[in-house]
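One chain, chain A, appears in both complexes that follow, with chain B as partner in the first and chain C in the second.
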Partner chain A sequence: MKQSILTAKWWKIACIVLLIYTVIAGFLVPVPAKPILHETIRNLYFHVCMWFVMMFVFSISLIYSIKYLMNPKLEFDIIASEMANTGTVFGVLGLVTGMLWLRYTWGETGKDWWAPDPKLNGALIALLSYFAYIVLRISIDDEQKKARIAAVYNVFAYVMMMVFVMVYPRLSSVDSLHPGNGGNPGFNQYDLDNHMRMVFYPAVMGWVLLSVWVASVNIRLEKIKRYNSI
Partner chain B sequence: MKILRNFAALFILLINTSAFGQNVTNGGVEMADRLKQDGKIYVVIGVVLIILIGLLVYLVSIDRKVSKIEKNIASGNKDNK
Partner chain C sequence: MKQLLAIMQRELRHELRSRRAWLAILLYICSTVYITYLAFQHELEPVTWSALFWILIIFISMFAASGSFSGREGEMLYIYTLVSPNKFIMARLLFNGLFMLVVSMVTFIVFTLFAGDPVVNIVVFLATLLLAVWGISSLLTMSFAISIKGGGGFTLMAIISFPLLVPLLLVAQHLSSQSLQNEMSGYLGNMAALFSLDVLIAAMCYLLFPYLWRD
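Entry: the complex of A and B
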């Protein structure tokens, strides 16, 4: 990633515009009326985006980890680690917002903070494997060793994440309450009407840009820290 | 520090407007009451917007600080990069 892209202004302005649009349109544009969900269907623009962002940022992290293994440049390691950190933060946000949402839609209203849903447990395991990545990095002092082991582990963590978030909840033997998984008809892609698309796609773009922005600031800080200490 | 001051100003402003809002209860007179319609959803939009813009302003200020440090390093010791 070039420094000029990290410091460029245009995509940060796009991020701000998209997010402000998301909040205003997300609350005001009409949504399909569904039982149980009611207005909480609008969480699509916020909760679901957190997971999209997490996957996106983890994917960049994976790419840079592989790049590091092919060509051990310090910069690749910095990008991989900061992308993983940012992704973890967004994953936690996705999990917490999901916990609040399920409290009022699944099971007994206002009683449970967790549901027996494979996607929830899978997401938790995926996040734990990334917590392990962070702890692994902290526990190794030697810079080269840290970077190499972390890069190898990152490939493993990404596969774990993909299996537990994307594959496992879709297996026919473990029905998930989440839409598009198992036999839940409540909310599949046919329900995403054009009004919702009009908000959802810009929302995903806005949140993705925000995550890249946060990560880019962290990358720049980390570069300053490491290059100055050399 | 500057950002703290901005937040404090925003906070005081918010307290004032909320106190204001309670005084102007609907005494049967219809005014520009958009904020009180539709289950007061516009109030929620306002709150979320304030949080979002606040966080974005904070992020921009951090971004600027890092840029400044980068510039200092670039002009001070060029052999670093």
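Entry: the complex of A and C
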């Protein structure tokens, strides 16, 4: 990742604009009235986006982990670890937004925060494996060793996450309450009309840019910290 | 192929010679099963039986996996000069898989001694045990290798392996509670899922171990 892209301003301004648009339009644009969901379908712009961002960021982390294993440059390790950290944060946010949403749609009395749903359990376990990645990084002192072992574990954790979040909820033996199971990750099932699409696609772009922005700041900080110690 | 067998034979001899290791595992199995039994002390429902059984398998496997690498640093360097890391990890996975299988059969026998034997469909149950234990042992071997190289020991291995073990455990649990109650609906799909998880884990171990080995 070139320093010039990391420090450039244009995509950060675009990110701010897109997110302001998402928040304003997300609450003002009319949405189709679905049974049970009603207005809570607006959660689509936040909850689903968080998971998209998490997948995207973890994929970048995986790519840089593999790059590090093939060619041990410190920069690759920094990018991989900061992307994994950012992805974990967005995953937790996705879980929290999901819990808030389920409180009003699935829970009968409006008091439940969790449900025994395979997608939820799968997502939690996937996040746990990335928490273990963070703990692994903390517990090794030597930099080269830390980078290599963390890269190996990152591949494991990514594949397991894929199994959990994508494959496991779609197995025929588990049924899920989640809107949008048994097909695409939720698009068609929602019957998105054009109004929602108008807000959803910019929302995804905005959140992705935000995550990359947060990661880029962390990467620049880590680079300063680590290159100065060499 | 001969190299694989040679490594496996060496591991076997090492295990048989160090009586302390497998006696400790045997003692661990008996004590954990007995403590679990003391907690309920009456007829278990099939689902509870199944859940307890798999939790026991997990902890016993962790204990067995962590015992197998200990105290052999000098040997590792020697083996490094002789054999490629891929062959070594394949032999290690195979050996640990067989070892865990034996350990889990012993666990099953001891558990049925204490908690009764509600297994209706023994074939499906044993097949589940076979597939799941392979996956568990491969994962634990890899986690232990990672934690040893990272200097973390048992706790790090536990932290790393717990989340990764959960898919295996979920599918195995589902299958085994089915086999206890004899509702055989869609079990082939779950078996296929277990098998493919095993293959996936073994493939990842095979590909990633050489990077760990380089130290």
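Heads up, the rule we're going with is that the second predicted complex is superposed on the first by the 219 of 230 C-alpha atoms of A that agree within 3 Å, B and C clash if a C-alpha of one lies under 4 Å from a C-alpha of the other, contacts with A are read in each partner's own complex, and residues count from 1 in each chain.
By definition in this document, a residue touches a chain if its C-beta (ideal position, glycine included) is under 8 Å from a C-beta of that chain, and two chains touch if they have at least 3 such contacts.
This one's a predicted model, so the numbers in the text were calculated from it and none came from an experiment.
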Inset, instruction - Examine A:20 and indicate which partner it touches, taking first as chain B and second as chain C; both and neither are also allowed. - result: first
Legend entry - Partner chain in contact with A:145 - chain B first, chain C second, else both or neither: second
Legend entry - Partner chain in contact with A:201 - chain B first, chain C second, else both or neither: neither
Legend entry - Larger contact residue set on chain A - chain B or chain C: C
Legend entry - Partner chain(s) touched by A:155 [first = chain B, second = chain C, both, neither]: second
Inset, instruction - Could you tell me if A:224 is touching chain B, chain C, both of them or neither one (first, second, both, neither)? - result: first
Inset, instruction - Would you check which partner chain A:11 touches, where first means chain B only, second means chain C only, and both and neither mean what they say? - result: neither
Inset, instruction - Pick one for A:28: touches chain B only (first), chain C only (second), both, or neither. - result: first
Inset, instruction - Check the residue A:135 against both partner chains and state whether it touches chain B (first), chain C (second), both, or neither. - result: second
Inset, instruction - Identify the overlap between the chain B-contacting and the chain C-contacting residues of chain A. - result: none
Legend entry - Interfacial residue positions of chain B with respect to chain A in the complex: 41, 44-45, 48-49, 52-53, 56, 59-60, 62-63, 66-67, 69-70, 73, 80-81
Legend entry - For the chain A and chain C complex, residues of the former touching the latter: 69, 121, 125-126, 128-129, 131-132, 135-136, 139-141, 145-146, 148-149, 151-153, 155-157, 159-160, 163-164, 168, 171-173
Legend entry - Residue ranges of chain A in contact with chain B within the complex: 7, 12, 16, 19-20, 23-24, 27-28, 213-214, 217, 220-221, 224, 227-228
Legend entry - Touching residues (chain side chain C, partner chain A) in the complex: 142, 146, 149-152, 156, 159-160, 162-164, 166-167, 170, 174, 186, 189-190, 193, 197, 200, 204, 208, 211-212, 214-215
